[in-house]
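Scrolling down, you'll hit the structures one after another.
Consider the two complexes below, in which chain A is the common component and chain B and chain C are the respective partners.
Moving on to the complex of A and B:
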């Protein structure tokens, strides 16, 4: 393990990504986005402009000392910091991620706090780490008294949402928030990365990843954020198109649904924008089944066709244009 | 596994961090209140006469830890111009420098305490080191902390453990026998020494940082561990003018009085201080233990000190040492 920085070779990484529409009428320009995500005055907000505009806040740490979630009820205490940050895609969709990684070897007792501060985003178990029980327990969700990663991600979102000088809290469309809870374990030597994505109820998704051991946990975070973003986009657009009336009388109601999608969401589809090359296979597997990009293309085409049809119809209705 | 080779980079997406020059040790040879200066030049001379043998001892100790290199030790003196301004720089500084010289000590760097709160930054902006450090506090979690706790940025208090749970003030409610529970120091060895530190106070919207918190910022500045958006903070300004201005704000936050001085920032620090600062410096240790310093400055210190074979403790709080002599 390196002396400072994240442990490059943890055995497990876990986290939760929350995705939602930024609660404001218009998408933020880069300047406002940087201001919004300046969670610390002395550290730069990172901006990437290609292949889309993507702004990332500095990493914020939260100290924890509590039992880890396990599905067997085994009590494993871990001490350290959970890292969290927020990112904004094209000034429109905000994501907050809280994550941590675990080293293979724990300590026999809690160390001085400085020991944990030079391992940002690492939780060090006190005693043995039952890996399988932890992974299954984490995916099951938070239980009282155990580590609560979701509330750490939520507090980042809450902190950002409180900036009323930048946000007007008048979003152009309603969209449900989603949560993606993920775990990443190491693959056996020579194995390809693999994944299992589960879409649950109430906006909860889970992703179980197996990653090559040389890959840093930040690569898993990047993949999960991309997946969460595209899943959110697809879910939101599919929900809006579900039950869209086709009758001619409903033209204006239909336009009220379709227009915000065109104004705010259609240009955001950009799969594999920042996914580590090694992890592209995971994304490609999801493109095979269920085929996210195919579905998105179909939806986008439908929106454009509907708009074209309504435009013809509306033009026909204007008196004197026949 | 093969590392993937980047084919496209964006500088706005990558953090840049300025490197600093480092001495082996930064030696603070005094920190006085304005009231101490009012007692006249004899008071100052007594101060430096007392500090001198300790300063020599610290210097020798650094030399003893270096196999072949000459020890680089820079001295500094912190003036409190934040809490009171009884006199002006042109009245206060010349006798101070003379008194140090009289005792055989050179003040390499002179710093103003208010620079730890607000200082001029690049491009005519202002930097606020104390506020930046406040946002870098990552509280040491008492056992049972699962991720939900009011952050220090809201309360303004930082402790080294778990506070006594809030008591009901009404006697009528106390009949249930809500027993008093003691506070607990998280790293206690058997028994606790619990400390709760006020980082700032506020009156009419104005925030006044506490002496303990500014002293923590001062240690981080000397240790070269702070940056503002990647740029160095409170870099020393050469001062070879014969005189000093009449206004404290006309002075840079850190002055280099000795052109041949070793670098201001150092791998470790030692402060020779009056004993009344003992509680303040205890608080400094507790604060430093909970500051999340950026990776890159830590890495710079680790790499450079490592290449010189100079041992630097991993924990930031352990990089600061103290002498509290009799007579100060």
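Moving on to the complex of A and C:
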């Protein structure tokens, strides 16, 4: 359990990451990726080439003035902007993130928009902020009439999906989307960062983070995107390998499953590529138990072994070889 | 692949047959999503045996989503939620089977760009996640039909997605004529599509017919009637066949004939292999016809490709 249960640490950020396969036959090259993610004409799309190709759209702001989700039903009005952006990993996996940060104290009454606009990606509560109720309510999910951060992330994906000139909507495999809903609070002075990651039904994941003060909310966003990406990869590959008909007389059935994994997913595993150094401990905890990289290596090895066996089988079938 | 299930009238077995079609694709290992676009009377929850879903879908179903009242429509994992005993244990090697239920909430639609965008966004998203998306459309040249025609038109946003139309009809004079009218008539799918920018020939090539509740004259009880009755029925059958072929609904354009099935006369439900072999309440011929329909739907050689 994270330490968030003990003290009323101020909430610093909440958000949701949606991860899915880009609906194209082939992975996008860098130029097309930059074009796809140009969500704002006035800001540049950022590209990082190491340790893998990673393209990030400019931040888009959505103005909101509505009650925050709380598990107690308490109405907490907040005003400000929710920041969202999309990122594309190796031209193949797309992620959309919507998030906001919260100040420790709100304002007594609603301010003019100019007040909120100088705080991009920040929601300022009007009145008191019941932090525990907000964290729990946010992780429980959307209720009608409350802020829905997930739908802001989804609208970024929808906007990108509509770009027919770049996307052919003919993906080499189908994979379920995942949603990672996360909250981050501050730890008490001197405490190590900690996390609680849970996997739910229907692609829903939740992550409760406690982070040392002084760490910007963007660091939490980076960690969550990284975790969401690797969780999606592992889930997708594990689902495809689950019940693989290895005993089937027809090799093609197996190859139809394995080939897209080799072509499109196996090279994407790159943990800690863009995680803040302070947060590496959080990732290390997940590597220890349940041991994601271990599982991934086992899956990748299995796929390669299956392909090698089938290659031997095919070679034996070539007339004149034996 | 997108599959649009349309019918000339209600009571043609469109919903129940297309739900069975979705079930067969899922059994076959495909990830399948069933969208209940039957806005007047959503029935899919009944067919999949999900008694709690209609109440749950009030305000969160497809209708609410398209109107903008819900940000994302409710999704129901059929394997885990169904009360159908045979479906509780998800068969080995099967794909996902998800229902996006309809709801009765709210009034009629006002046709508008906003609905179209929301429909396109939803289907693009589901298309990433599912191999087969079955869209059960309200009967007749309904709002639902117009909506998906607009969505798949060149300016709609779904034009690049492989899509096929199934028009369900019963095996009677009136139904055959009405099915032809719905597909090719002056107010039919092809004409309406052409007005929205579809290529009429391409659209025509994407339409096939499914005959539902067809009496098989060579099997009981129909083969046990008096000679006079039998002769009359044979005559009717061949007259119907002639009528169908002159209207463009003939055998060439028919993907499957689903026999009249006693189980479906009594209950809108999925026919399972247990119904056929263990309980012996459903006919083998029905099971085979449904398998045939599922196979022919995805057999590209039977469809003039785009």
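Note that in this section the second predicted complex is superposed on the first by the 310 of 322 C-alpha atoms of A that agree within 3 Å, B and C clash if a C-alpha of one lies under 4 Å from a C-alpha of the other, contacts with A are read in each partner's own complex, and residues count from 1 in each chain.
Rule of thumb we're sticking to: contacts are C-beta pairs under 8 Å (C-beta built on N, C-alpha and C of every residue); 3 or more make two chains touch, one makes a residue touch a chain.
Nothing here was measured: the structure is a model prediction, and the numbers come from that model.
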- Query: So, does A:157 touch the first partner chain B, the second partner chain C, both, or neither?
  - Reply: second
- Looking at the overlay, what does A:65 touch: chain B (first), chain C (second), both, or neither? first
- If you stack the two complexes on chain A, which partner ends up touching A:148: first (chain B), second (chain C), both, or neither? both
- Task: Look at A:189 in the shared chain and tell me whether it touches chain B only, chain C only, both, or neither; answer first, second, both or neither.
- Result: neither
- Query: Once the shared chain is lined up, is A:113 touching chain B (first), chain C (second), both, or neither of them?
  - Reply: first
- Task: Answer with first, second, both or neither: which of chain B and chain C does A:243 touch in the superposed model?
- Result: second
- With both structures placed on chain A, which of the two partners, chain B or chain C, ends up touching more residues of chain A? B
- Touching partner for A:171 - first (chain B), second (chain C), both, neither: second
- Task: For A:20, decide between first (touching chain B), second (touching chain C), both and neither.
- Result: second
- Report, in rising order, the residues of chain A that make contact with chain B in one complex and with chain C in the other. 148, 151
- Item | chain A residues touching chain C - in the complex, by the definition given at the top | 20-21, 23, 142, 144, 148, 150-151, 154, 157-158, 161-162, 164, 168-171, 174-177, 201-202, 243, 245
- Note on the structure: Seen from chain C, its contact residues with chain A in the complex are 31, 59, 70-72, 75, 77, 80, 92-93, 96, 120-121, 124-125, 127-131, 157, 159-161
- Message: Taking the touch rule as given, give the residues of chain A at its contact with chain B in the complex, in rising order.
- Response: 3-5, 39-44, 46-50, 56, 61-66, 77, 79, 81-82, 110, 112-115, 117-118, 120, 145-149, 151-152, 155, 212, 214-215, 276-278
- Note on the structure: Listed in rising order, the residues of chain B that touch chain A in the complex are 1, 4, 8, 10, 12-15, 127-129, 131-132, 135-136, 138-148, 186-187, 226-230, 233, 289-295, 298-299, 302, 314-318
